[in-house]
Structure formats: C-alpha cells, structure tokens
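For reference, the structure I am asking about is given below.
Labels A, B, C and D are assigned to the chains in the order they are written; within every chain, residues are numbered from 1.
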Amino acid sequence: MNTDSEIERAIRENHPALITYLTAGDPSLEETKAYVEALDRGGADLIELGLPFSEPIAEGPTIQAAINRALEAGTTPERFFELVDDLEVEAPLLVMTYYNMILQYGSGAEPRSAERDATEPQNGPDPEPFVERAAETGLAGIIVPDLPAEEAAPLRAACDERGLDLVFIVAPTTNGERLDRIMSQASGFAYVQARLGTTGARADVSSATHDSLARLEEYDVPKAVGFGVSEGEHAREIVEAGADGVIVGSALIDIVAESETPVADLEAKACELKGGAERGANAPEPEQP
Amino acid sequence: MNTDSEIERAIRENHPALITYLTAGDPSLEETKAYVEALDRGGADLIELGLPFSEPIAEGPTIQAAINRALEAGTTPERFFELVDDLEVEAPLLVMTYYNMILQYGSGAEPRSAERDATEPQNGPDPEPFVERAAETGLAGIIVPDLPAEEAAPLRAACDERGLDLVFIVAPTTNGERLDRIMSQASGFAYVQARLGTTGARADVSSATHDSLARLEEYDVPKAVGFGVSEGEHAREIVEAGADGVIVGSALIDIVAESETPVADLEAKACELKGGAERGANAPEPEQP
Amino acid sequence: MSESTFGSYGGQYVPEALMPALEELEDAYERYVLENEDGFVDEFRERMRDFGGRPTPLQRADRLSERYDSEIYLKREDLVHGGAHKLNNALGQVLLAKYMGKERIIAETGAGQHGTATAMAAAHLDMPCEIYMGRTDVNRQRPNVYRMRMNGAEVNPVEAGRGTLKEAINETMRDWATTVETTHYVIGSVVGPHPFPTMVRDFQSVIGEEAREQIRGQAGRLPDSVVACAGGGSNTMGAFHAFVDDEDVSLYAVEAGGSSLEIDEREGVAPNSATLSTGTDGVLHGAMTKLLQSGDGQIVESHSVSAGLDYAGVGPELSHLVETGRVTPVNVDDEAALNAFHRLSRLEGIIPALESAHALGHVEEAHEDLGDLVVVNVSGRGDKDLETVLEETEKRDLGAAPDVEVFDS
Amino acid sequence: MSESTFGSYGGQYVPEALMPALEELEDAYERYVLENEDGFVDEFRERMRDFGGRPTPLQRADRLSERYDSEIYLKREDLVHGGAHKLNNALGQVLLAKYMGKERIIAETGAGQHGTATAMAAAHLDMPCEIYMGRTDVNRQRPNVYRMRMNGAEVNPVEAGRGTLKEAINETMRDWATTVETTHYVIGSVVGPHPFPTMVRDFQSVIGEEAREQIRGQAGRLPDSVVACAGGGSNTMGAFHAFVDDEDVSLYAVEAGGSSLEIDEREGVAPNSATLSTGTDGVLHGAMTKLLQSGDGQIVESHSVSAGLDYAGVGPELSHLVETGRVTPVNVDDEAALNAFHRLSRLEGIIPALESAHALGHVEEAHEDLGDLVVVNVSGRGDKDLETVLEETEKRDLGAAPDVEVFDS
C-alpha cells in the first residue's frame, strides 16, 4: 500500500469524498477543461478523466456516447496529456482508460502502411511509456476497467516506479479469495462497484453496495462507491452505509450532453453531491445491512 | 389391319392425301365448324380434330396456344362430340387427343366435393365410353400422342369393337423391333413423325423423314408424314420421298390465330398443300435418300 | 425386364419418340442399378457419402417426444448436401446418365429444390445441365435460381400457362422429345413413365434403409409408424420402401390439404394437393396414377403453401400402396403445416422444409394413433421457405409463431 | 488450472465483475470438457452426431485436383446442421452452460452464422437465448434474423457505432457484466478471455481430428498442407489443432485481404481483415492478440466482402502459432475470394461460404507451394451469401462468374 498516496490523502482529508468522472474531449478538450474546473470548484475531491477508447465494454450508453463524441472530436492520448498539463485544479487527477490505450502509447506500433518498412523494429506493447508520461503531467493514478488483478503486474510495476496509484474495482461478484488478490495490489482507493452491469445513472442504491462495503471492512483502504450514483440523496445513503467516498460519472455526462449552462450546472451538481455525502457522514447511526 | 377402313380408303382413293389438323374450339366451336368446312372444300382428304387437354406434352408452342384458347372457350368432350355431329364435310374425321381425356369420358369419376358421397361407387377409367360416343358421332379414327403401342391394348380393343381406326405415330427413334410392335396394332395410316421434337411449322424437310419412309416401306399401310409441314413445297418433297400423305397442323393454326380472313385463307392453304402433294406424286423419279 | 406397373398404376404413357429412350434407360437401370455393373452402385454410394453427406442421422426429438408422450425420431434428410433428400435421386440419375454415355442433363423444377439438386449433381459430375422452371416460379424463387446458375446450369423460364411445375414438366418433356438421343431427363420424383418411379424409389430408398437400421440400433425395435410428406412421393417411397414388408409398421403419406379439400371445377383449381386422399385415377406425365382432375379429365391446378407438394399427380407406386391399404393417405392443411414449421424450429432447433412440416403436422394431429415409436422423415431444411412462412404467418394468427419485429422502422 | 496464455497472447482482460464467471467457466471446462465429468463429452459427441450431422465427409475434389494437378480434399463443414462449423462450438457451449446450471444464453453475431448456430443449439437444449446483433447487420442479414427468431431466440439490435460485429460483442459483454450469475455468454470464435480460446478450439478440433483420420484412410498419408480461412479463427484452429504436432504438415491461415492491405488511419478504417499478416499486438475483447489498430490503440473498422471474416482481432493461439512460425498467415482479396466462390460452385457443385472461399482462393493462388496433398476446410455453405455475391459480382468483371439474367424484365 502506497501510504504517501496523494489520492488516499485527498480522500481521507476530505472525508467523505466526492469523486467525479468526465470523458476528456467531450465535446472538446477546451470544454472539458472548463467542466473539470467547475467540478473542482463545486467540491470534487478527486477527478477521474476518461481517455476515450473505441471499445468501451464496461460503459453504459451514457458514457459510450460521451466517448464517441470525444473520439469524433479527435481526442488522442497526446492531447489528453496536454489537457492534464493545462488543468488548474486542486483535486488530484486520475486517468481512466482501457488497457489497450495504455499498452500502445509510445510503443511505436504502427499499422502496416505503404510508408512503414515492415522490417523496421517495433517495441512490443508496454505500459511504461504511458505511465511515465502520466507521471510527468502530474496524474495521481490510473483506473483500468478491463484490467483485473491477474493481468495487472506490468502496470502495477510501472506505477510503483513512478509513484502513481493503481485503482482496482471490486465487483458484487468478487468473492473472498479474489478480494485478497485485488487488495494486495490496489492503491489509492477501492472502487466499489455498486451493482452488476455497466456504468450509468440509476434511481436507487443496491443492496450489493452494502454487502460489498461489509466485505471490505477489514481492508485498510478508502472505499468509494460508483456505478449508478446520480443524486445527493444516493451519496448520503452510500456514505451512511460506510463508504469513504462516492463516484459520479454518468449523471455529470448527462449535464455535459444536455445542459445549456453546463459549467454552472456541473458546479451545482458537484455541490449537491458533496452535500449529500456529508449528510451521510453526519448521520447519527450508520445503518447496518 | 382393318381393311374396310374408311380412313385407309380415303387416303388411297385421294392419293397423295392431305390430312389437316385443327384444335376444336379454337377460338370457338362455331368457328371451328366453319374452318373445318373450309379445309374440306380446299382439298383436305382427312381431317384431324384436336380435343383439347390441359397438358399437351407433345405439342409445340403453336398448338399449345390453340389448346389454351380452346379450353378457355369452354371446349368439353361433350361439346366436341356435338361439333362433330354437326359438321358437314366429305373428308372422314379423326379425333386427336391425350389418353386421359379418353379414359375419363363417361367414367363417372368426379373429384371429391361436398356433394359427392365418398363411398359412392365410381367406374375406373375406361376408354369404352369415349370410343362408343366417337363411333356414334361418325368419327372414323383416333390418334393419341401419349399412347405408345405398349399401353394401347384397351383402346385398340374398344376401337376394333366399334370399327374405328387407331392411328399410331412412328418416330425417328423408332427402331425395327418397335416398328413391328406398332404396325401390328396400327390401322388407318402410319403417322410418320418427320423429326424429333414437338409439333410446329418448320422450314425444311428432315432427312429423318426419308429414313423413316424407307423403314416403313415393307409395311402395307398408308404412310402420312407430319411434324413441321407448312408449305406446298414441303408436301411435294415428302410425297416425292414416298409418302402417301402429308399432315399439316401448326401452319393452319397460324392462320386461325393471325388471319383476318381465316376461312378463305384456310381453304387456300389446303389447296396449296394438296397441290404440292400432287406435284410430288407426279414427279418423274422418286428420290432415294 | 422390370415390372412397368404397380397393380393398375404406372406404365409408359409417352410419345412414341421417347419409348426407345425409356427402353434404353430401363436396360441401363437394370444393369447398373440392379446389377451393379461397372461398380455403379459402389460409386453412387461413395459419392453420396463424400459429396452428399450420407448417412444422415436418425435423431430422437427430445421435446416432441415429451410433448406427445411417445418416442419421436427424426430422419434428418435436411442435412443432405443441398438441403433435401432430392440429391439422392439427382446424383443417382446424373451418374447413371454418365454411365449411359449421355452428354447432357435436363430437369424440371417447381420451387427449385430438384433443380438445385440436379445442378449440383451435374456440376459435381461435369455434365452440362439445363433446368426448366415456370416463369412464376423463376420470379418467386430467386435464391434457388441463383444457386442453379452458380452451379453452372442454364435456367430456362417457361412462359406457358401459370408458369409453375406442371408447365415446367411439360416443357422438359418437349425438350426431351427433341434431344432424347444425347440427353437424359432427370425426373424429380417417383413419377413419370416406367422406369422412373421404380428407379427414383431405389435411389431414395437409402432413407428408409438407414432409418430402419438406425431405429433398431437406437430404440431396439422397428417403429410403430413411419410418417413422410408426399408431393410426387419420392421422399415418401424413399422412407417407406424398406418398411413395406414389415407389416406391423404403419406407413403414413401426408399430403398437402392446402386451404380446403374441395375442388373448384369451374376455375380448374384445387385448393390442395391431396391427390392420394381425394384424387381419381388417370394418366398424367407418363403414368397411370391418382390425379387431381375435373370430371372431363382436365388436370386442375393444385395448391399448397409448400411449393414442393404443389403437384396434381403422385407416384404410381404410392397410388397402388394406398389402393391396397398398405399406406394410409392423410393430409394436413396450410395452417397446420405452418404451425408445425414453427413448432419444430422452436422446440428442436431444426427449421424444416414446409414440405416436411406437413409430416410433422400430422404427428401433432394424430400422435395418439401412431403408436409409441414413430419415425418422421424431415425431407429437407426450411431456409428456402423463410420468406413464404413469414408472409403466410402474417396473414394468420398462428399459435406457434414468433414475431419478427426487430427491423428498423 | 489450464494455461491462460499462448506464449505472450491470451489472458483475461475483462472487468472484475466477470472474473468470477471466468473462473467458474474454467472450472467447468476442466471438469466437463477435459475430464468428461458426468459424461459431458459423450453427450456432446452424441448430440453432434444425431443433431449436428457429424462426422462430416472429407471429399476428394475431382475437378480441382485436376486443375491444380495435385490431390485436393475438402473437409465438408458446410454439411453441419445450420450450414457451418459454428454449431460445433455453439452446441458445446450451450450444453456446458446447461451442465453448469446456467439459465440463459447470450451471444453476439455479425453476419448471423454464430447467432443462428447458438439459437439452434439453445432451442435444441431448451435454453432461453438472446442474440445481440448490430443494427446494420440486422437490416442486411434478414434471413439469419428470421432463422434465429424461428428458433425462439430474441434478437437485440445494437444501435451503437456502425452497428456491426464489434459493437455487438461490446454489447453482449455489457449484458454479461449485468447477468453473469445466471447467464452464459457463448462466444463465437477462439477469441475473448481465457478459457474461451482454448475451450472453443477444443469444441472445434473435431474438424481436424476427423480430417486427419479420413485423409489417412483415403489418401494413405498425412497431407502436405491444411488450408483454412481465419476470421476469429475457430474453423482455423479447429482444422489445425490435430495437425500442430505433425511437423511436416504446413498450416495456412487465410485471412481476408479485402480491397487493400493499407489502413486508413484518419478514417479509422482498414479495408481488410488481415489481422495476422498486418496487425500489431494489443488487447481487445478480453485477450492480448494481434489487432487492426491505429498507432494510438484505437481499434479500426475492418472490412471484408465476407461478413464472417470481418473482425479486427483474431484468436490469441493463432497469433502465437504465427509468431512461432508454425502457422503461415496469408491473405486473399475480395475479388479472388469471389472468383473462388464461383469456381467451386461451378466445378464441384458446392456453393461455399464466402469465408471458406478465401481458403479456396489461396489454393488457386498458391497451389504450387502447397504440396501434392492438400486439405481445405470448407467451413460453411454459401446460401447465405448469394445476394452479396451477386451484388459484388455485378460491380466487377469476374472470370469465374455466371450471368443470372433469367429474370423478368
């Protein structure tokens, strides 16, 4: 466990923490900059930024659409890192992306084309260059939805070397043995997946959340709950159930996609969510499942 | 051999004979009456009348179309016999039809229908009633394009009983053994099929005709050649090759279908054909193949 | 010489010009097929194995068996190359034509199943091939026309009449009457003049031979009933032949009941193809058999939702076996056949030909009379019928049908 | 535990939520498939025989053999129930799901072949089944949609992206991530996370096992080469697996060369699906393998005239066998595949799937390198491709194509 972790500190110090997700480049990198700064002002304690990948198998329709918009706007890893460099926010930043994006960055892998000499040596896929560049831009951590603990060793090693956190997801289906395996590699916080399925705003807090939090109690790492959190009231319930933070994504992207005044609305939403979380922390009696 | 045969007599007495075919009921039975009488006036020595059947497998497109017109006009066996009864011609008449028409006539066979009691006895198919009725109306003979010698015994017996001729077709493919089998049952005349294929007007006289006539030479029965004869000049060639008569069908049906003055044209065509045949008979030296 | 009739049925009612060819064919049939001259039968069997995919399985239908509380076995002719039993016959005849030194193959086709089978066999054996097909059928059976063309066969549309099977047969007979010396006419069912009904039956009888051995192996005894659909009757005789001498095995020939069993004489139309149940004796396409005809002897247009059963005649041997009581003729109407199509698709994961669906429809209707162990011949697969089934299903309210509303609006 | 990688390829790159299901599946695979617990393998083989029509023949292609002056044998997977090798895998997985106590089946499909195979297997085994299919594919592959519906499967159109296979896979993964406790995801090729590539290969390896025994029986020795097309690579690994240890047998994986081997990075489109020849290593759909991707790691849209080859990834085991030199990757472009389609149809009377036509196209192009005895896997039949072939043929001037101008004007 990386005890110097900037992320862990941010959660503990701002307990209960609000963690927000936006897809970088949706609808443009300039706008993402303004949105992220608004969330920061509104009370976000940690900010996840999605680097869009063409096959977002873990996302529901809302984030899929955001990713498509970001790709159509020409969001590349390099521009993503430039955005991160540019951002002026207090909250630590994490990148959320799929493993292939991490592997290919700087690998020199090029599809065959008329210009490429087929015999020219290529580096194999390697997470190193990505992590190096992420550290350079000041990113504090990485979340990879399609990288289970079993396949994480190379990325874990690269993150350790550069002092980045690697956040793992704990699912409702994760059993005891797997939990140990995951927690032995996790850093920053445990991303507690509130329910089976994909990302997306939903109207209630599932019983799976309570179960997961209970199972995680013995591990000394902050627990943040995501997947389906959309309102201050959810945030309250989740924190009341024992979480150290709530993660909100799709509900924010709905604002990006639909609002006429997204900057103001994002700031307000962050404020509402943070308020809800805080109400949960101050509740007289933490509910037991 | 039925030596009293009216048909055989008609051919021998009018040598070389013109035999004409029309489909009864094309385009109506009234018109057929007028056409047949015109052919009779024009010089036809024998008249074949087709009783239309829905599946005329031996006919080419011209006679198929005539048969369809006749069926659409509502030509039935009974109306056919009434026409024959009505006709005032010198030439003997033959009916040309498919075997199923002969078998069903008067058989009492009825398709199942709500009114028919399924247990009601039916006669099996039987050529007798047809032949009896044909004899009554004064028909002199029958030609059945889908009845080879092998299957002819019942019809042959019925014809013998009523004094009708049963005319058989000799094809270019008919070999020696089959020829004997056929000729032992044939009466009236031997219908020499000029070429392989179906009925229909064609522009030349095939070499198969010469071969067939040569093979038939030993049999003491008039030989008439049909399939493809359309002009006086063909008739001449065929008779010159040794035939006792020519059979013309499709060329006449073309007139029925296309002419604005069919009665006059049919009479004229019969006259042309009879003239051609006679020129062939008077040729100095019968051509040898 | 082989018998040319079955009781009072059969014979050779064809133009004289074809008789020598029938004699030649009869001779070839006896030598090659009956006596295995030059190893014909061995080559035929080997090609049916390697090219055709024989033997086909006899499959226990688990869910139908449960539904009917008896043992239902399916003879899977749908797995034969081309998708139906038709290849058994087509390959046999094209191979025979080759042994006879013929240079060209012609055939008629209705829905296109026999045409595609013949085209496949001709391509396989490198024989030029022309298929006659009514104009109406050409236009409504495009995929089968494409398949024949892909296999290198010519497809000749027949413009006469209503442009369906009957006209195509007539036209093929006419071609044959012209080209008989070099050409073999591959008739598509157990119909036509002798020796076709016998010969086609012999090529198809592998169905019943396999099934008989398979059911003994799998169920330990002979079945109580064998059920097969009957158009011309080739899959029927193919399935039945091996069982004819097994007197305890009931044989059911299932015809198309269409929309009604009544004939409309005035229009010359039978809204069914139930020849064996409702037909009368007569001569069509070279043989004496049971027919759908008017009192005058005109052949009426038959009808069935299944193109392959849509024929006004039937094989003479079947007429005879019905007459003697050995085969029981039954019929299943369009709607029951459609339901059976959906039922087998849904319950067993096998989409049957609409023809075969008639056989299955009879099992649904009469399973209580069929005994405890039933073999049903699935004569072909139903991919060819999807459009028809959808159209016909839409017109009705069918219990067994799924809806297919997944397409873009 | 079974190995989860093939050299550096394979693995399990999936959301954590799915990992327990993969562990459960791995366990079930080992017990039922590898150890035949509860007689799973016996039941699988029996059902593939009776329901699926196995074994399929190995047929000597007489006219191709003549054309290439060598012995060409065709492994006839086109005769499997449903018309392709896909059922070998679908039935295996649905049966396994049943043994595992799962209550529901989901699957993705592109052209519809895997979807129809899964729907058939699910109907046969009485399992509820939902198939995800891109909107574009739903609309252009109607017959296969109908077939799935007839077999009682739900078909869920996927509106995302270009609405083809890639999107359908993504969406099926999402369903699975939600329903994983009761649902088995039947992946359609040797792709996806471990244990799918190994398990699908094992279900498909019957192809090569049969072929190996058959060629020894029929030709007296092992072949010089085995040729199979490769999309995901399931028919490929199925055909190759039994021969991998036979070092003298060359193995050719034939990919879709499409219209060109160049990638258009700006559009994110590869006008081919030649993953093994031109792809680079990366992670897609749960496995490390060779991919068609941009330099940044975005997956590009692949292309092939044959829908079943149109995939930007490939099985990790094939990537490994190519990397080690055991399998030679080659490719055949759209036009050569179309010509091969017409050639086999015309010369042998077998209409191959367009996928399989790629394998045949390689034999045409490279027969001199393939040795004297060649086995080509005909992975499926081409009925499903008729419309495409006609359209694509019309656009080109193909040597081997017939014209089909018999329709009414």
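The definition used in the following text is that a residue touches a chain if its C-beta (ideal position, glycine included) is under 8 Å from a C-beta of that chain, and two chains touch if they have at least 3 such contacts.
Not measured: the values here are computed from a predicted model.
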Common touching chains of subunit D and subunit B: C
Mean-CA-position distance for subunit D and subunit A (Å): 36
Mean-CA-position distance for subunit D and subunit C (Å): 34
Rounded Å distance between subunit A and subunit B, as computed from the means of their C-alpha atoms: 95
Graph class of chain-chain contacts, one of line, ring, star, complete, other: line
All chain pairs that touch each other: A-D, B-C, C-D
Subunit D residues within the subunit A interface of the complex: 4, 8, 11-21, 160-161, 166, 169-170, 173-174, 177-181, 261-263, 265, 268, 270, 277-286, 288, 291-300
Residue ranges of subunit D in contact with subunit C within the complex: 49-51, 53, 56-60, 63, 76, 78-79, 81, 83, 119-126, 135, 138-139, 142-143, 145-147, 149-152, 155-157, 341-342, 345-351, 382-383, 386, 389-390, 402-404, 406-408
Subunit D partner contacts - residues on subunit A that touch it in the complex: 53-61, 64, 68, 71, 76-77, 98-105, 109-114, 122, 124-125, 145-151, 168-175, 178, 182, 193, 196-198
